[in-house]
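Input: structures, listed below.
You will see chain A twice below: alongside chain B first, and alongside chain C after that.
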Partner chain A sequence: MKITDAGIHPYPAGDSTVARMALEAAGLGFDSAVAIGDAVCRSSGVEVLRGAVIGAASVKEVLKRVRDPAVRRADVVYVDAGEIAFNRAVVSIKEVNVVRSIHATRRNAFDHVAARTAAEQGVAVDISMAPIVHLRGTKRQRALQRYADVLSLQRRYGFPLTISSDARSILGQRSVREIRGLCSLFGMTGAEVTEALSSVGRIIEPHRPVRVVE
Partner chain B sequence: MISPQNVLRHELIGLDVLVVRASNPDHAGVSGRVTDETRNTLVILTGRGEKQIPKRFSVFRFRLPDGTAVDVDGSSLETQPERRIGMRIR
Partner chain C sequence: MRPRPPAMRTKRRYILARLLPYRAQVDQRQLYFSVIEAATSLLGDAAAGLAQPAVVFCEGGYVVVRCRRGTEKDVAVALATVTSVADERIALRTVATSGTIHALRRRMKPIRHLAGDEEVKVGETYFAVYRYPRQKVDLVEKGIKHQKSLFFTEADLEER
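== the complex of A and B ==
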């Protein structure tokens, strides 16, 4: 069970190099991390996966961008969440692995229909620690409320969750223990946090229709 | 002889099965013996009667005659049973 930070932003998007952030992640208890951007890290304490984010205004644009060579090379494909109809359509796209930035959407933007489809397709919803750490006041409360809503849908429909630090430097990275504490603010249990931290490994593993259990 | 390698192409009627995961939460945990199969469903005889479970988005755990248990993605079984025999497994 690999504990993975589902999103870090190394240089040039951030301030620290991918090697330095990978080393920091190893020290904080992670087994792997998803680096968003073109960063490649060959030697470090953790495995570094390649992530690609699609921020699009329409589903048509998402369908066009998933065919991009840079997105095809990525190990994990993220799409920024939007309105209700957009989210419902995006979770049914085969190439999409994770829906992120759910904290910035409206109250019912990710609803029970999108939740059921996400569970069927194996698409995860990303919980970012950045809004909880950096925001204050009503914006922070709104983000926590969104996460609580997503968590209650996840408990009912069973779609995967991922957890990302969204760190742009080593100062933004948090340890597994700290993430557990932050996630408890919106009602996530320790076991659920562990499950969410191991989701990325399950998302990217190749599809095997038959698996020997015992 | 049925094995984990050929289970996708084998006859499933008569095997003991447990529905590990299903899109409908009420179907998860259903266990019994497969009595019939259609293109999109499996009919399972349980202690409380027959239940028809859709194959799509379900995971079935079959107990093979040699005692091995295999989890099979239902979406991979979604063909007519008579055509599944000749199917090429990738």
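== the complex of A and C ==
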């Protein structure tokens, strides 16, 4: 079971290189991290996976973008959540691993239909720590409400959750213990947090029936 | 005025947090305002008032925050949401919680700044180089105020 930060944005998107962020992640209790972009880390004790984010307005565009060589090279493919119809369609695309930015969507944008499909397809929903850490007031309250709503759907339908710091700097990274505390704000238990932190490994290598190769 | 007998005093807990970036020099008073703002914003006036968070001292890259016993978890979560002090970007990493400052002082490991400061050019900007153990390198833009910081490793610097 690998504890994974499901999303960091290293230099040049942020101000810290992927090697430095990996070093910090190791100190914060992570075994691996998903670096969004083309950054590659060769050293340090933390495994760095490659992530690609698709920000598209339509499902047609997502289907086109998943065929990009950069996206095909990625270990984890993220899609930014959008309207209700978009989210329902996106969770049924085979190449998509995680739906992110759920806090920025409208209420009920990720509903029970999308949740059931996500559970069937093994598509995860990402919970970003950045809105809880950086936002204040009503914007943070709205993010907490959205996360509580996603959590209630997850408990009902059982789709995977991932937790990301969405850090663009080492100053934005948080430890496993701090993440546990931040997630308790919207009712997530310690066991659920551990499960969510280790779900990236299961997304990359899902359990499949044994195949006999002759 | 006679002090209260020990049994009637409020029980306190002390939280030790490490200050990032390592070279950050923050004013204790400004840090207190940031902690109070973060706690009030996250927990609300009532809970923050009951927790009574206060910055006891801030030295050597570490901060000790005092709070009432039983509220230390809430205050530690609030510390995780502190992102700046007086317009300077910082992060507080909780290290330990204890009932005495003496116990926390034992956990404070001095952060050594390695010798060998130099200057490096990244893009069109000149940065001062600060080296730390475990191959960590902080680059701070040359200037008077609002300097940009970059966080590299020795290997990243050599590759440039």
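Simple rule for what comes next: the second predicted complex is superposed on the first by the 207 of 214 C-alpha atoms of A that agree within 3 Å, B and C clash if a C-alpha of one lies under 4 Å from a C-alpha of the other, contacts with A are read in each partner's own complex, and residues count from 1 in each chain.
By definition in this document, a residue touches a chain if its C-beta (ideal position, glycine included) is under 8 Å from a C-beta of that chain, and two chains touch if they have at least 3 such contacts.
Note that this is a predicted model, so its numbers are computed, not measured.
Contacts of A:Thr17 after superposition: chain C is touched, whereas chain B is not reached.
Contact with chain C, but none with chain B, is seen for A:Leu171 once the two complexes are overlaid on the shared chain. Put simply, more of the residues of chain A are touched by C, taking chain B and chain C as the two choices.
In the superposed model, A:Val210 makes contact with chain B only, not with chain C.
By the touch criterion defined above, A:Val133 reaches chain C but does not reach chain B.
Looking at the shared chain after the overlay, A:Thr194 reaches neither chain B nor chain C.
With both structures placed on the common chain, the touch criterion links A:Ser184 to chain C but leaves chain B unconnected.
In the superposition on chain A, A:Ser92 makes contact with neither chain B nor chain C. Across the two superposed structures, the residue set of chain A contacted by chain B and also by chain C is empty. Interface of chain C with chain A (complex): residues 20-21, 41-42, 73, 76-77, 80-81, 83, 89-91, 93-94, 134-137, 148-153, 155-156.
Those residues of chain A that touch chain B in the complex are listed here as 116, 119-120, 158, 207-214.
Residue ranges on chain B touching chain A, taken from their complex, read 4-5, 7-8, 21, 23, 25, 57, 61, 68-73, 75-76.
Note for the complex: chain A touches chain C at residues 11, 15-17, 19-21, 23, 28, 43, 132-134, 136-137, 140, 169-175, 177-178, 181-182, 184-185.
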